[in-house]
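One chain, subunit A, appears in both complexes that follow, with subunit B as partner in the first and subunit C in the second.
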Partner chain A sequence: MATDTSSQPEIPLTGGAAPDRKPLLRIHELHTQFETKQGTVRAVDGLSLDLYEGEVLGLVGESGCGKTMTALSIMGLLPGNGQAVAGEINFEGKNLLQCSGEEMKKIRGARIAMVFQEPMTALTPTMTIGRQISEAMEIHLALGREEARERALELLDHVGIPSPRARFDNYIHQFSGGMRQRVMIAIAFSCQPRLLLADEPTTALDVTVQAQILDLIKHLAQEAGMTALFITHDMGIVAGSCDRVAVMYAGRMVEIGPVDDVLLNPRHPYTQGLLGSVPSLESKPGDRLYSISGLPPDLVSLPTGCKFWLRCPLADDRCREDEPELEQYGQSQAACWKVMPPRDVAA
Partner chain B sequence: MLAPTVIIVMLITFTLGYYGPIDPVRAVLGEEWEDEARYAEVKKALGLDRPFVIQFLDYMGTMFGGHWGQSLSAFGGVASDRAVGEGRGAGFSGTSTGVREMVLGRLAISAQLSFWALVFLTVFAILLGVLAAVKQNTTVDYAIVTSSIIASSIPAYVIGPVLLIIFVLKIPVFKTVGGWDGMFSRQAILPAIVLATGPMLVIVRQTRAGIVEVLGKDFVRTARAKGMPERLVVARHMLRTAMIPVLTSLGLVTSGLLTGSLFVEQIFNIPGIGKLAIQTLMSGDHPVFMGVVLFQALIIVTVNLLTDLLYGGLDPRVTYD
Partner chain C sequence: MTADAGAQHDMFAMPEQRSLWQDALEQLMRNRLAIFGVFVAFLLLFVSIFGPWLSPYDYTEQNLFRINEGPSIDHWLGTDGLGRDMLTRILHGARTAFLVGLIVTIGTTVLGVVLGAAGAFLGGWVDALVMRLADITMAFPDILLAAFISVVFREKVLELQLHLQEQYGWTISEGNRVYLDYLVIFGSLTLVQWYGKARLVRGQILSLREKEFIEAERALGASNWTIILSHLVPNSLGPLIVSITVGFGGAMLSEASLSFLGVGIQPPGASWGEMISDNLGQWRFNPHLVVMPGVVLAIVVLGFNFLGDGLNDALNPEQRRR
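For the complex of A and B:
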């Protein structure tokens, strides 16, 4: 790993956020690792990211680029022997990485909530959905069982479950995929957290339901003035739902900026590749869909220099030897030696 | 399922009884059996001179009629004194000679004993299993698993007497050595513990495996993401799912406890069904022995059925039509 941490900017650049906004969550130089027989897997490798109050930030990248591990590092719920070995995650004046188990339990669910990808497996099959919603409120909001039940019924109604009273005592197998995710959302919003982490909340759903669920999350988050981190690989979701977008590759950030700017003027070849692999209305039938060649690097033995050079059409010797840092280009930042000039400047 | 199983068990026990080495006539007559006239007379009285098929049909008729027949001791034989009498423990009041009364009376005692053993198992073995799973691969885990292996490996006829020596002779916690004085008497404690140690390992292991399997599930992560205390995560989100395989084992164990408490009942001199089986087998009291076997088969079938019904209580996805 060739990252030279001392040369990182002292004050993280706002990455396209409005300057008057206050950061709610600041991730600084996060390193999350797993020990395996093959070696140390660097799932998140020196990620710095600020989330500002009230914004929706999309975190995109291929599978295995560290998006989910970033979210689970924030929650302190890394699986197996995964550990955030270095860095800071500052939230409401606390470094979450140094919080005790008890402190984290007070934050999880109450201050930071998470919506998971697969609503079938992410909800307990042997517990009624009503209880799954109400139990967290009993703990965090110190509600009695009856009060929590009433609140849960309101929440069920609010997330669009018809006849909540009849549905309260149902089990998850009696719900459709979209309904399950609505329950998941009701759980996440139940204790009015400040920050919502949504890990591919619509990936497992039918296309027709995806938009409804996204709208629901957006609507509820706006209503509650909540900050949200949307983890996705769907550029359509980013375009439709997010204020800013951060692109991750091999555990680090390669580009971040306002959605419009990044989608219209992607600076990093990887971002361009991601956008290029989305079919557009202009493409003709029979056209081959663009795809980024090769596979993401092995997180046990990362290449030197830019982590993307193996797959990058523009890579040269410098890319192979020196790792680029995030630099400001227009409203966005990108970590690339070969950054394209923004289209509006070139024109 | 029930009826064919019972008929097959009846056929097997009856056939074994018919061709087996023990002669009921001799059992009834005792010393007198060499008197040929007496022998033929008793044989006719017992209906044993008829062909096999007739005897079997007659037997089935008696059983399904709910009578279950009479103990050979009713014919004034030695059976009741020679073997049965030896086993009479404190509190045993089996004066009836009807097979049904004898079996049911003894079964009640075995059931009470098994009940305590089952309570002991469900409370301690499941608790230990959960603890071992939560503290997976730590000293606590190893200690629990190892001690369960040891406890279950020592046969009841070793553990029983050792406990008797310790708690009756050395530290006199219990006054009497054995016998039965109702399920709420102190005499019930030691035999129940000994009875529970055998299946202990199965339940501990099964619980541990069940919880370990659930530990990595997404819904457990969701429960933690809600900030639930670990104790509630285990109790509400993990236990029910993890208990499904344990329930299967508990069903088998229950049948085993009810039907296989032979050693424990013998050691602690408890007049349960296990002891009745031994006594009647040794004394050649066929009608009673066959009744015991048949009833035990019934128990196993019934417990299996109950187990299946209980799945529905644990797993909401199971429904019955």
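For the complex of A and C:
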């Protein structure tokens, strides 16, 4: 379904998406903040992002840069002291930030589903997995117990659980890590949502299983024409599974573009640093792995100017005072005063 | 082939959908010690209801010609120092034990769940008040505090009863005076034993509330009631049920201790603790008078503890043998 965009301000920069696609989710100037004793934590600080129908977008960045809080803002599930104080999140003609609790309940699980990082803790230990899969369908699709059960068995089969009938009444602890994540994926896809938010879906898994799970999610999403937002810090996932990638730093977007372009020609020094810190097959034994010096800024008292200047090797006076906006460079956009021909980085 | 192996390997089996409770029951039935506990619990229930009709004697009936006797055809478990039939008194003691276990458990559970849940959900000063009350109660040895409360409480109950008698002419027959003792015991033990369940319930709610599966459930669009009924309650009920079962035995043991010390059930009322205390003087000459109520008490408390352990295993799917 196309979003009614006539009422919103036009966002000029869309980050290299195919022009014929329509945005499914439009985040405009989102500010999510937490009130703490130390002060106001600005977890998401003016993020604008469009997600186009059918695409897989990777959202990358260090821990604490606001990736997960962006997802929780979309779901309306921010922890108690957190609030999306400004901005808009438009989805299927509604601003999710203004939806009532009841409206959000109808959207969650049915229109937007979420896959969590650690299935062992994200699934109820005292309920059989069959019941947990059926539950969402009973809530949203108003299926009876028997129908939901049949659908759940189909889903289990579809996500690659062997002998689903026998496994239906098992508890989550009786599954291996990869199988647990398959169960969670079955739950997420059960109501055929339009948008899938996957928050580090493979971080808890073995490397060999990661690829299977990513392929599964990608395959299922393509099959259903679903849009997916992958939150990750793993550039390998981005390279292998995403169409576009958005890089976040200190609650802001610093670079966005098609995966190939961003990975091969990173414009922002932060993106370059992230890519440079990925171990490469070409590095020699004994080489030190590149790391970005310093720590992410304190989100309570953000620096003026570019949020990255404290750690940036290229920073000058302008970077310390003026905050750069996203500008178009080739197919991508980056927010940096110092965009220059890309260094030779291992990608 | 066991049920477990079947679930793993038989691809074509169509297992019926089972709930946590059905699974738990099946698991419990496989545990011999727990079966013993169930048996003891049902036996206690039966005896406490029908006990007085099972014996030809009254529990206060004295026969001073036949005191301190050993087991015989007339008196299967012998007679005590006043010639009362031991078996009859033990059967009557079962009623006391069961009533104390039941009512004190209900009392502590209601008080504990309400206070613990209130503390966890409301937080702030309510939580602080409940937890400080629990700390204070905990700071005293249970039996000492219960004895103290029951002494104070008994006076109040007697005053109230006297007041009712004067005001409305409500009298209480000598044989029913034991129910006043019950009231005192229920009250004092409930006031002493509530904090364990309050702390348990509070801790359960606080820890479950932060669990990711609750958040995942919200992300699925489940309503608060679904979350509470299908996820919070089953995950927190297990420990509570175990605590209730073990507390049942604990309450009976506390009652026996109080009665043994002379501040619980008063003679001629029958309680196992009171019988031990009553016959303690006979210990050297007729040890069975002390041993028998003691053994019965031990078996019953043990039974409830076994049942509690069995329930603990059965209600926790993660601890099951695969």
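The rule is short, and it goes like this: the second predicted complex is superposed on the first by the 329 of 347 C-alpha atoms of A that agree within 3 Å, B and C clash if a C-alpha of one lies under 4 Å from a C-alpha of the other, contacts with A are read in each partner's own complex, and residues count from 1 in each chain.
The rule is short, and it goes like this: contacts are C-beta pairs under 8 Å (C-beta built on N, C-alpha and C of every residue); 3 or more make two chains touch, one makes a residue touch a chain.
In this text, all values refer to a predicted model and were calculated from it rather than measured experimentally.
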| item | value |
| --- | --- |
| Clash or fit (per the criteria above) of subunit B with subunit C on subunit A | clash |
| Which of subunit B and subunit C A:A166 touches, first, second, both or neither | second |
| Dominant contact partner of subunit A by residue count, subunit C or subunit B | C |
| Partner chain in contact with A:V300 - subunit B first, subunit C second, else both or neither | neither |
| Partner chain(s) touched by A:F116 [first = subunit B, second = subunit C, both, neither] | both |
| Partner chain in contact with A:E135 - subunit B first, subunit C second, else both or neither | both |
| Partner chain(s) touched by A:R149 [first = subunit B, second = subunit C, both, neither] | second |
| Touching partner for A:R108 - first (subunit B), second (subunit C), both, neither | both |
| Partner chain(s) touched by A:L264 [first = subunit B, second = subunit C, both, neither] | neither |
| Which superposed partner A:V85 touches (first subunit B, second subunit C, both, neither) | neither |
| Superposition clash, subunit C against subunit B - the stretch among 3-11, 129-137 or 219-227 that is involved | 219-227 |
| Set intersection of subunit A contacts, subunit C complex versus subunit B complex | 75, 77, 104-110, 113-114, 116, 118, 121-127, 131, 135-136, 139-140, 171, 173, 184, 187 |
| Subunit C residues within the subunit A interface of the complex | 7-15, 17-18, 20, 211-213, 215-223, 226, 230-231, 234-235, 238, 317-318, 322 |
| Interface residues, subunit A side, partner subunit C - complex | 75, 77, 104-110, 113-114, 116, 118, 121-128, 130-131, 135-136, 139-140, 145, 149, 162-163, 165-166, 168-171, 173-174, 184, 187 |
| Of subunit A, residues touching subunit B in the complex | 75, 77, 79, 104-110, 113-114, 116, 118, 121-127, 131, 135-136, 139-140, 171, 173, 184, 187 |
| Interface residues, subunit B side, partner subunit A - complex | 216-219, 221-229, 232, 236-237, 240-241, 314-317 |
